[in-house]
Amino acid sequence: MTDTWLTSLITNTPQEGYELAITLSRRGVKYTQPDMETLKKLRPDYADSADGLTAASQVIAINFQTVAAANNYWRS
Amino acid sequence: MTDTWLTSLITNTPQEGYELAITLSRRGVKYTQPDMETLKKLRPDYADSADGLTAASQVIAINFQTVAAANNYWRS
Amino acid sequence: MTDTWLTSLITNTPQEGYELAITLSRRGVKYTQPDMETLKKLRPDYADSADGLTAASQVIAINFQTVAAANNYWRS
Amino acid sequence: MTDTWLTSLITNTPQEGYELAITLSRRGVKYTQPDMETLKKLRPDYADSADGLTAASQVIAINFQTVAAANNYWRS
Amino acid sequence: MTDTWLTSLITNTPQEGYELAITLSRRGVKYTQPDMETLKKLRPDYADSADGLTAASQVIAINFQTVAAANNYWRS
Amino acid sequence: MTDTWLTSLITNTPQEGYELAITLSRRGVKYTQPDMETLKKLRPDYADSADGLTAASQVIAINFQTVAAANNYWRS
């Protein structure tokens, strides 16, 4: 990808950090499968699947660990 | 999502921290599938499934790592 | 849940810490599926399944990372 | 379990640390399914399965992270 | 493999770090299955599969944790 | 196993560290299934499978976290 989409891991709030973790998780998918048509077609396979949603939440949790550490857990 | 649901990772007790980890895990699901009807319909697929419950507990465990570190493990 | 089940991550020994990690792992299941009858019914699905047991051990391992860090690895 | 099986995470060498990680991984299985007959019966399900062996190696890797950190990575 | 492909974990930006995490994830596959023909043949099995894409994103997330820590999270 | 295969987590370069992570991942398999004939027979089950290769890469990623931390990320 040639666009710039990640310039910093620092966010103002934990919630913005969580949403950045979601972005990171989605980018991992898009780098692997860049074709938007295919991605759209596959959406029901995980978004309407209990296992798929839990797996998605797990990837977000792993990325959130990284973002939270980067922000020193927004401690003060 | 436009509502504010995460303003801090700091909690008074480890148990509150664990419950925050559950909230984080559920939010990962909701961000991916915001439709509440679909989520309700999928509930038996993981809540009545041994594999689904273990997977849910795993996501909570990962988020609890983050919350526990943020709180310096409630050491004193 | 309204009962208090987690007041500290500190344990006297690594083994007690490992057993706390098991408690944390089981609580993740119970918070997701509070109905004890359902949980009892599902037990053979993971306890008599190689994949289920490995997955259970994985969740324990993740929670043990947290407990071990909290206790500074019981280094002295 | 009433026996004492884990008194320290400290080992003399990284290899002993890796073997301790294996012990931790197996204990997670045994705490979940204490019946040795059942465990013996399930052995082919993971030991003769590519997926099962990879999953077993993953649990060991997670526990090895803990043991290695406890030993300060046997740095000197 | 005899070629040199990884001389440093340090990158200029988080995005380059994320892309290095992708490289690390792909190398894990290539070390396990070096035959490029087989890899090409298998591509649709994960790139056109919701579960496969989520799993790929998870491996990237784990490697990104390493790269981000190496770069001290590009904090300043 | 009685042979000595792991005397240090320290490597000269990140690439050697990555290759050590591969060794660690394979050892986790071999400790669980020491029979080389069985392992050889199972190889196509993961090396010719998209899911199997992603799972293998994930175990390597987890072990690489450990090796990278041990080497202080080869920072200088």
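In this document, chain identifiers A, B, C, D, E and F correspond to the written order of the chains, with residue numbering beginning at 1 in each.
The criterion applied here is as follows: a residue touches a chain if its C-beta (ideal position, glycine included) is under 8 Å from a C-beta of that chain, and two chains touch if they have at least 3 such contacts.
None of the values given here were measured: they were computed from a predicted structure.
Asker: Measuring between mean CA coordinates, which chain is farthest from chain C?
Answerer: E
Asker: With touch defined as above, tell me whether chain E and chain F contact each other through largely the same residue numbers, more than half shared, or through different ones.
Answerer: different
Asker: Measuring from the mean C-alpha position of chain B to the mean C-alpha position of chain C, what distance in angstrom results?
Answerer: Spacing between the chain centres: roughly 15 Å.
Asker: Taking the mean of the CA coordinates per chain, how far is chain B from chain D in Å?
Answerer: Distance between chain centres: 27 Å.
Asker: Which chain E residues sit where two or more other chains touch them?
Answerer: 46, 49, 51, 55-56, 58, 62, 65, 69, in rising order.
Asker: What pattern do the touching chains form: line, ring, star, complete or other?
Answerer: ring
Asker: In what order do you meet the chains if you trace the ring from chain C in the direction of chain D?
Answerer: Once chain C is placed first and chain D next, the ring gives C, D, F, E, A, B.
Asker: Which bits of chain D are touching chain F when the two form their complex?
Answerer: Touch list, chain D to chain F: 13-15, 18-19, 22, 46-51, 53-58, 60-62, 64-65, 68-69, 73-75.
Asker: Help me check something: in the complex, which residues belonging to chain C touch chain B?
Answerer: Contact set of chain C toward chain B: 4-10, 24-29, 31-33, 38-39, 42-43, 45-46, 49, 51-52, 55-56, 58-59, 62-63, 65-66, 69-70.
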